[in-house]
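Have a look at these structures, which come just after this line.
You will see two complexes here that share chain A, one where it goes with chain B and one where it goes with chain C.
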Partner chain A sequence: MKKHAVFGAALGAVVGAMLAATAGATVAQAADREIVIGYQAPLSGDRSQYGEMFRNAAQIKLEEFNASGKLAGAKVAITFEDSKDDPKEARNIAHKFLDNSKIVGVIGDFSSTVSMAAGEIYAAEKMPQLSQTASHPDFTKLSPWQFRNITTQAFEGPYNADWIIAAGKKTAAVIYIQNDWGISALDGFVSGFKAKGGKITATEAFNPGNRDFRSILTKVARQKPDVIYLAMFYEEGAAFAQQREQLGIKIPLYGTSSLYSPKLIELGRESVEGLHLATTFTPDNPDPAVQTFVKEYAARFKSEPGMFAAQAYDAVGIMLDAVAKAGPSVTRESLRDALAATTDYPGVTGATSFDPVTREPAKALAKMMVKDGRFQVVTGP
Partner chain B sequence: MDVNVPDARLMPATLAPPAAFSGRGRRFAWTLLLLAVAFGAVPAAIVGTGSSYLAQIAITTMIFVILSASLNHVTGTAGLLSIGHAAFYGIGAYAAALLSTKAGLPFMVTLPAAGLIAALFGFLVALPTMRLVSIYFAVATLGIGEMIYVVLLNWVDVTRGPMGIRGIPPISLFGWQADTLLSRYLAVAVIAVACVWVLHRLTHSYYGNALRALREDDQCADSMGINVERLKIESFVVATFFAGIAGALLAHTSAYIAPDNFRFMESILILAMVVVGGLGSLPGAVVGALFMIVLPEALRDIGDYRMIAVGATMFLSILLLPKGMLAEGTALGFVRRSFSRGWATIAGGMPVGWK
Partner chain C sequence: MVFDVFFLQQVINGLSIGCVYALMAIGFTLIFGVLNVVNFAHGEVYTIGAFVGLMVITAMAPPLLAVVPLVLAVGAVSGVGLERIAFRPFRRFTDEASQKSRAMREATLLSSLAVSIVTREIMMHIFGGDMQGIPSGYLLQQPVAIGPIMVASGSLVIFATSAVMLGALQFLLYRTQTGLGIRAVSNNQLGARYVGINTDRTIVTTFAVGSMLGATAGILVGLYDGAISPHMGFAPGVKAFVAMVMGGLSSIPGAVACALLLGVSESIATEFLSSGWKDLITYSLLVITLVFFPQGLFGHGRERA
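What follows is the complex of A and B.
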């Protein structure tokens, strides 16, 4: 009998805890008009460094906005939730945000898979979602409620291809990470490069997490392409550049904007000298908006902001400007319409406009190369 | 451990009391209580609070109850440590997603098909690996799990690789569509309860005893006339079948799947549910799934320290309850008594054997 009662108590306790925990989280309090933006990002787990940058940048932007008085009669707050870069957590968060009637818009998530897992729910339940980084071609096709503040590889690939061709280089090998983003980067570059008369000597994929590129390098170098085009992130980019140096291969490197991070130089040291990439954001940009952001970020978080931080800073800025445009009585519907009307938002990642039909962002990219141990803007090819 | 209690069927007839008196009322009480929670309390809470967050967590929990209970069948009961369970979950999800989006088949077909396809892969994997024991089998399933994940990721023509599959239709039956969260939960809960019931009948029986026997000592079981290899294959196929069913439910409730849903960490999460709940204990597997899904959500408010708290809770629960929250021995006694699965002995003693 005793054990019996223990079982009952244990089961009851677990069920009770489940109900209490989840119901308690949804109780709304009556207060002054407080507009809340939900921000879902990987704040723990493998990709927490990105979530951390997003949160840092978002806090700076939010404080600037609330101090600016652009929105009279209401105060905006941001609620952060940790998605661990896990689609099932993202789905839970999506519903948690939807249940909160104060939340009028959501920013996030980081990776496309996770953003889309949550996006399916936001699309069905009509919540505007703006991802700072999701570059999956289908993301904005989910519904009219999805926006992104990152130029996709369909835009960046042909842009880089033009740049390489203009520099007089006609053949390229592409090394790409085997995920949704990597495939779209490959497609974007290859189609753009071929359209301009360039020739692709090889395309080689590697699985996420791989850090050994020696076999790929040896294979690719045999065909002597004019350039190697890297579609990967800075961790892999640094490992790739180092192994290229160790193998004595001299073929110049071009890469996607995702390589742009102070960490690339920190990890790759001399081996990344001469790497070319085009990016939306550079801390060297003399634009006062960029300099204010860079100084503020460096002062607060003791590190130079990279592209990801800038991307999040502008995503938050675009969202908050849309809130201000919609006014203190903003709803999810009016916020969506205000977001869709974004034209030439003066951000640190270049003036951003959303296409009225596809909702894809358009931006101007800055061409850069690593020289003397830092990223420097290059003019001309 | 009370797995070796004497078989009541071998007892003299005078010792075995009539079945009608062996706690039939209590059996219904527990069954009714569990059904009331799954189909009464949880839906009532969802409707009462109007919380879609609660509904979403309840759906995820039910899917993981199936995964945890099925892994418990092979790893807990039959003692074959599998750390590639998420891969079969993935096969089921992809089978359901592809059959419904590309072939346009209804849920009535995709659900069993997902289970059968996952079970077929389970069977193919089981054939060569069944001679392996303990950690060697675990490493083999680790390898198989990674292989399946990499195939899902790289076979772009069929799986669309990392792009994932979009637009999977919701659960529907004869024209009825589960398009609200509540109906989605109810559909998933009915299937989850049915799966757990089947696993319950398999585990809490003489067949289950045979599985436990081969876990304790397969050579000894072999010498007693148990067909060890066949039983191992059967238990693995059953577990992968239910993992496939769980995958189909994920695909039809979330509309979008990608290989990232079926990473190695997912296998480890399912294994953690089984171990925290109680290795070999089916009620434990259910409680473990509930615990491991609900706890991280309940701790959201503590922010950055959330996953540390989850880890510490797991560590403490294993340290203080090494046999799990509902240890196997206790759980078997509980099932015998409260679900009237065992033969009652004289006057209030411990029930024995299986009906």
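What follows is the complex of A and C.
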């Protein structure tokens, strides 16, 4: 009996505390509504460096936005969750975000595979999702709730293919990372290259985490293609270029925009000289918006922002502008509609518009090559 | 199939990567041998070796040969610490039942995994998940031409180091009193204790030696690879484990031979298959070995208690 009394008292206290908490929350809401954006990204595990860049860039943009007074009567916050670049984790996070009624929109995830795993849930439960980097063609086809502000490999592949053909190079070998993104990069480039009359001598996949490309290089060099096209990230790109140099192979390298990072040159050094790629963001861009971002990022995080940080910065900007457009009473539905109406968002990765039907972004790419130890804009082929 | 210079180059590529696996497999197998339990944290010792090496290089720019003794010392310290945290607590009962208990021994499988995860996350916190570049003066990446074949200087260094390590270990194990102790504990821990061997000290020595080798492997592979990250220990750790199992679990020369075999098979397989399939080759070899040679290719066939 005594036990029951103690239990009853404890229960009473807990319920009381909960009621008080709810009441407190309601009061706060009446004063100034808190709107929350969920951000899921790999913050631990071996892709965590990307998640860190996203979080850094997002913090800068969020502070700018809240200070700008674009949205009166509400304050926006971003809550971060660590997806570990794992589809299972991403699904759990999706449910968690959906259960939080303050969350009206989600940014993330990093890779296409993980973004799509979470995206299936957001599609079914009607939550707008904007990925800064998921470039697999199927991502935006999931439902009208998926958006991205990165150009896809279906756009980038043919763009690079045209560039290579225009430079008078007719045969190419493609080395790609074995995941959804890598395969879409392969398809985009190969179809674009063949359509222009080019010939693909070999396509070679490697597993994520692989650091030894000597076998692939030896195999590919046998057929002597005019160029090697790399669909991979900078860690692998730097290792690939170094091992190419060690093996004395002189075939020029072209690559996807994912290689565009100051780290590629830091790790690859002289071996990445002459590598060509096309990208949306360059910190050397004299545009004042870009320069403000680059200076702020460098001042706070002691490193120069790369394409990934810029993508996240713009994704947060697009999302927040859509929130401002939908007003302080924003809902998941009204935010989706506001996102779909994004036209010429003046970001650091070029003006971004979403196609109202396919929700695919339109952007211009800058052609670059590594020269004298830094990325430089190339004019002409 | 084409037996041309490219094919020969593939064999050399395979030997280079096999040497990387072997370098790790040596320390791994030594530690397995004495306790008959997998030390999951070996990959982290390897990573610690690489990071400490890089820190010393960036801070003081010493000659490369001066880095090695320091990395050896750090390896020994981390090995002793690891044994203390993850393995010693499970040997605190000295009665016969606990000594023979499989569960007590295999619990260290999980405790070493826990130490490995905690260490890796701490390193991630301190250094970040990014790849860290090595100052160019220290890189072991100069191409060396042997006729039409190209190898990196690092491959030669790693090959030589593996050979020296293997030789030194064989000497230690079969020519010294300490080695006799290690072999006795490895053969029968309880029996060794009954005949008066200080098993704890022997086990600590084994961890120290094994981890010294692991840490050296880490910095050498880092210099050869050109970049290090807190995750660098995982992939070669898995391959070293496969090599150890194929080699018969406690045979160090067996593990080295199998590591080279794995490297060469992966490399030659790339000629015929897409390289995305090369892990299939590794694990197929493992399965085939286990089916047809359950004791491993170089196993002694002794009973495991």
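Remarks
Keep in mind that, in the parts below, the second predicted complex is superposed on the first by the 350 of 381 C-alpha atoms of A that agree within 3 Å, B and C clash if a C-alpha of one lies under 4 Å from a C-alpha of the other, contacts with A are read in each partner's own complex, and residues count from 1 in each chain.
Just so it is clear, contacts are C-beta pairs under 8 Å (C-beta built on N, C-alpha and C of every residue); 3 or more make two chains touch, one makes a residue touch a chain.
Note that the structure is a prediction, hence the values are computed from the model and not measured.
Judged by the touch definition given at the top, the superposed model places A:125 against chain B, while chain C stays out of reach. With both structures placed on the common chain, the touch criterion links A:44 to chain B and to chain C. If you count the residues of chain A touched by chain B and by chain C, you find the higher number for B. When the two structures are aligned on the shared chain, A:351 is found in touch with neither chain B nor chain C.
By the touch criterion defined above, A:113 reaches chain B but does not reach chain C.
Residue contacts after overlaying the shared chain place A:218 against chain C, while chain B stays out of touching range.
Residue contacts after overlaying the shared chain place A:178 against chain B and chain C alike. When the two complexes are overlaid on their common chain A, residue A:207 makes contact with chain B and with chain C alike. Counting contacts as defined above, chain A residues 44-45, 178, 205, 207 meet chain B in one complex and chain C in the other.
For chain B in complex with chain A, the touching residues are 37, 41-42, 45, 49-57, 60-61, 150, 153-154, 156, 161-164, 166, 181, 254-256, 258, 260-261, 283, 287, 290-291, 294, 296-298, 300-301, 303-304, 306-307, 325-326, 330, 333-334, 337-338.
Chain contact summary for the complex, chain C toward chain A: residues 6, 9-10, 13-14, 16-17, 20, 121, 124, 128-131, 133, 136, 141-143, 145, 150-152, 225-227, 229, 231, 234-235, 266-267, 270-271, 274-276, 278-279.
Contacts from chain A toward chain C in the complex involve residues 44-49, 52, 178, 203-207, 209-212, 214-216, 218-219, 221-222, 235, 238-239, 242-243, 245-248, 263, 266-269. Within the complex formed with chain B, the residues of chain A that make contact are 3-4, 7, 10-11, 14-15, 17-19, 21-23, 25-26, 43-45, 80-82, 84-89, 91-92, 94-96, 98-99, 111, 113-114, 116-117, 119-120, 125, 136, 138, 142, 178-183, 205, 207.
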